[in-house]
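What follows is chain A paired twice: with chain B in the first complex and chain C in the second.
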Partner chain A sequence: MPSVVELVQSLVNGVGIGLVYGLIAIGFCVIYNASGIVNFAQGVFVMLGGMFAYSFLVTLKWPLALAAAASIIVVAGIGVLVQIFIIRPMWERKAPMFAIILATLAVQLLIEQIVILTMGDQPRTYPEFTLGGPLKLGPIAIGYQLFWVLGCGALMVVLLQLFFNKTRVGRALRACSQNREAAALLGIPVGGMLMLSFALSAGLGAAAGILITPTQYTAYSVGAPFGVNGFISAIIGGFGSAPAALAGGILLGVVQSAAIVVFGAGYKNVIALTVLLIVLLFFPKGLFGGLAKKH
Partner chain B sequence: MTLPSSISTRLGQHGYLAVGGAILLGLLFVFVFVRGGYLLTVMQLAMIYGVFCIGLNFFMGYTGQASFGQNAFAALGGYGTAVLCVQYGWEPILALFASMAISGVASVVVGYPTLRLRGHYLAMATFALGLITYDISVQWQSVTQGYMGYSGIPPLGIGPFTVEDERWKLVVLMVIVLFGLWISGRLRNSRFGRALRAISTSELGASALGIRISHYKLAAFVIAALYASAAGSLFAHVVGFISPEVFGAQMVIVTFTMLYVGGVGTVLGPAIGAVIASLLPEIVRSTGRFQDIAYALVLILLLIYVPKGLSALFGIGRPRPAKTTNPGS
Partner chain C sequence: MKLGKSIVLAAMLSVGMAANASAEDIVVGSSLGLTGYGSITDGHWRDGMTIAIEAINEKGGVLGKKLKLVYEDNKSTPQQAVVVYRKMMSEDKAVVFDSGCISAGNFAAASFVTKAKLPMFLCSILPRLPDEQKWAFSFLPPPKFEVETRYEYLKKIGITKIGILGDPSPYGTIMRNIALAEAKAAGMDVVANESYQQEDSDFSVQIGRINASGGGAIIMIGQGNAVITTANNIKQLGLNKMLLLSSINERDLVLAAGKILGDQFMFPAPLIQVAQDDPSVITNPTTKAAVEDFFKRMKAKFGDIDPAQSSRAFDSIMMMAKAMEMAKSTDGEAVREAVEKIGHYDGVGASYDFSATQHVGVTKNPYAMAHVVNGKIAFKK
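So, the complex of A and B:
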């Protein structure tokens, strides 16, 4: 049996990775609530965020803030391109749901292969934002990057809440999620909102990737696991609000980290997917209620 | 939303195209037989994928449900065969049927709760099944030998008769594909098949007609799993080696491309798609690393512009309206 220290340490690590899952999950929810589409290529934005940040930060030696902002903007642009060239034509042709899912999976494969061709298949990483550490609390070590993840994650959630509740554009997005036809009748450009939702969720994914890369690494293949775990978090949270998705992510991260301690690192995805199946079967609306139910 | 049903029982004006396609396919096989060599292997794999796709077509095409995790059952079949033949020295044909039985039971156990889900949830749950199976096949080393995989799996055969010659292997696989197609064609137009297609058109309508939706969905899922398991076993016997990568997520993309190239919901579509999609990468082989990119691009273009598959475009194999789900529902 693992000791208490090991469990607490895994809990701390789990909160960090769970926050990242939560950010990805919010990305899923933003697109899903605006369009009813689940973008299975969400994880690719996480990978791209880390990759571009590495290029700007290490290769071009830009300052951190500039590199992070630039990568978020570039990845958001890629999200818009995906929406314009792949999602919108299918959307306008009323393609069946699983055809769109399949197309987003193909997008993932496509982008991964392009990354291999242009940047190679070597894993990369860059230093933590604040050097030094980890912070020692007795036998438990907390890396400084965790505080960056916590701080930026909280900041983004607050900003998103303000955006969705206070701004006209955010309210328009929510109107689309409730009833697209009514939103269109009220003069909201539904197509533009769909594009915005892709930009937003790609940017969120990129931010998650930039934050998490220093604690692990990024390579062309990290997208799929991040995407799957983010989606599981979104399901646990119930595809409702941003805080619910974030809570789902943290829950998943903690369970997964505990599972690594108990069963070994190899089974972490098996555990996550088993959690998913259990939640799907017994709580089909998510643990925190589907606040934005689709009809 | 339902599309008007445009099922034609005659070959109609497209009949000549269909016949021409069949002749072309026949010529292709003759060419492969005479030429031999690497093309034989490509066609063998195409036939194995064909078996997989014919099964997937039951669930995706006829019944209109989405399963992104059928590779789980192919893995079960492949590993069942490998373990039974290599560790316990079973007869290949017995191992194949035993693995199919295991997959059948597994698909009932897994499908019964999972198939209550719909839409994205069903897609994600089935996708999860495939991923779980992949991880287990990597991690459970005492049984699966992890990344190393199994080698030295004996070729297909019954008793003293084994199929070792590459050309004979292809013949056997072709016979199996034809048998699979025959079952698919017969079932499609049976009471059972009509019930499945009714579900794909409208679940409400089907249940109003007295069709027990959950039972029929499960039956289609089990049939798909049996085909997938057989495909996995055949792969193990024909290639003689399996590893987790064989049944990875890549398999999902490849088989879906085949299904869409051929035509979802048609009888012959899956087999035609498997042949075309297997040959295409060989033709553009000169592009080397661009092969996967080409695969993904072709699939995306097909999904956007020809969502019912190429054979629907040419009217081969009696196209029928594919399932239309509103993305929002």
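So, the complex of A and C:
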């Protein structure tokens, strides 16, 4: 039986990784709500965020804030390119949704191969944003990077909420999510909103990648597992809102972490997928799906 | 009519080309994990084979024919390994295999490769069944050497309580079992036995458990990028006294882990890996000349890549060529028997002693503990 310290420490670790899953899940939600597309290339945006941040921060020795901002902008630009060259043509030709979703999977593989060919397959990591640490609360250790993940995650959720609720563009994006045809009739440029959703989603993924790389590494191959966990988080939370997706991510991170403590690493995904199935059985729209609909 | 003639002519040409290809080249097939968790090690295995084949072909090839390397990406999965082995057998007409370190992939293909009586030179451990082992030659130092080197070092510095953190690959499982079995005799007390998955992004829980159990050092079992995550997690947990003794690993990975953990990180290294930064560690003049030639070729073609895997890949091709010359044939049965008769062979990556009863070539521990000092690999003193 695991000790209380082990459980608390696993809770801390689970929250840390869960926040990252949550940010990725929000990226899934933004595109899904604007278009109905599940973007399986979401994971590669996480990978690209870490890769570009490494290049700017370590290779070019740019300051952290500049390196992070530049990485987010570059990856958001890649998201826009994906939308322009892959998604939009299929969308305009009225390709079936499954074909578009399959195309996003192909985009992931394509980007991974391009990264191998251009940046190599070596893993990269860089130091935590605040050196020193961890913060010790008795036997519990909390790495400083967790606070960065927590702070940046909360900030991004607040900004997204403000964007969706207080700005014209954000409200237009929400209108698209509720009824694309009606939004188009009202003069909302649905195509432009879709492009914006890809930029936002890619930028969020990049931010997650920049935040998590100091606690592990980034390499061409890290996108897929992050994408899968982000997708599961989005389903658990429900595709309705950013806070719900974030909560889904935290829940998944904590469950995975607790599963390692109680059952061992081999059972981590078994338990996580069991939780997913339970959620889907009892809450088909996700834990917070119903709640989000009311708003 | 013209179309009909063209088709017949094209068919004749294609048959002729295929006949030419098989008549002129000796095709060496290779199943490599060029993507997935084995990408770095298997990429280097391919590089080592490539320069060895170039060196052999420069001198006229083998039995008057050129060696030709055909490799396929098994994506580090056994399922894809089966597909690529079959493709290289049926389409490329490979007469021998020299494959990478994805043991599960080589295991999966071993049954039908050995039924076809094709020798397998492997970066990985041997397949499990005796009939399969008969056709396979492993150039990987046995896992026990990695364990013993680390245990000896820990004993020397007075740390006896250890935690094991291993991956569930066949190679990892074998090494974990060895580590558990040999712990007592080596004076080690395994206080925690933890696992991880290669794709996991956080090992804090497992590391925390090892620490909570009183472990003073983590014996990490398994190669690949996970060593960087482990090093980062140790640092984030503030475990300033916890040692991390990783498995053998690629240069880039150990340098990255060393940069994160400093003196807390160390690993078993073969002589050639340290020689890349400090050639003076090789004292035997014959070996030194061979190693210098190897480094020269490698640097010209691929730059400063890790020599640990590529040097043994180089050796494997050299021994394959030697066996073919001895057998005066590329027939699988003849080559297999010739490898068993080569006797002691000093390569650039290690020394090998294959025989009819010994299909794991490396029989003496080639490792010593190393660490990272100022961005370079050096032996621990």
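As a working rule, the second predicted complex is superposed on the first by the 286 of 295 C-alpha atoms of A that agree within 3 Å, B and C clash if a C-alpha of one lies under 4 Å from a C-alpha of the other, contacts with A are read in each partner's own complex, and residues count from 1 in each chain.
By our rule, a contact is a pair of C-beta atoms (placed from the backbone, for glycine too) under 8 Å apart; a residue touches a chain by one contact, two chains touch by 3 or more.
On a predicted model such as this, the values are computed, not experimentally measured, just so you know.
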Should chain B and chain C be called a clash or a fit once both complexes are overlaid on chain A?
clash
Regarding the shared-chain residue A:266, is it in contact with chain B (first), chain C (second), both, or neither?
both
Quick one: is A:217 in contact with chain B, with chain C, with both, or with neither? Answer first, second, both or neither.
second
Of the two partner chains, chain B (first) and chain C (second), which one does A:137 touch, if any: first, second, both, or neither?
neither
Look at A:81 in the shared chain and tell me whether it touches chain B only, chain C only, both, or neither; answer first, second, both or neither.
neither
Identify the partner contact of A:96: answer first if only chain B is touched, second if only chain C is, both if each is, neither if none is.
first
Per the contact definition in the header, classify A:162: touching chain B only (first), chain C only (second), both, or neither.
neither
Considering only the stretches 9-17, 225-233, 243-251 or 279-287 of chain B, report the one that runs into chain C.
243-251
With the touch criterion stated at the top, can you tell me which chain A residues are shared between the chain B interface and the chain C interface?
116, 224, 266, 269
Sort out for me which residues of chain B touch chain A in the complex.
1, 60, 66, 68, 113-114, 116-117, 119-121, 123-125, 127-128, 131-132, 135-136, 138-139, 249, 252-253, 256, 260, 289-290, 292-293, 295-297, 299-300, 303-304, 307, 322-329
For the complex, which residues does chain A have touching chain C?
2-3, 5-6, 9-10, 13, 16-17, 20, 112, 116, 121-125, 128, 133-134, 136, 139, 141, 143, 145, 212, 214-217, 219, 221-222, 224-226, 257, 260-261, 264-266, 268-269
For chain A, which residues are in contact with chain B within the complex?
32, 35-38, 40, 86, 89-91, 93-103, 105-107, 109-110, 113-114, 116-117, 180, 224, 228, 231, 235, 266-267, 269-270, 273-274, 276-277, 280-281, 284, 294
Complex contact set, residues of chain C against chain A:
35-37, 39-40, 43, 168, 194-197, 199-202, 204-206, 208-209, 212, 225, 228-229, 232-233, 236-238, 252-253, 256, 260
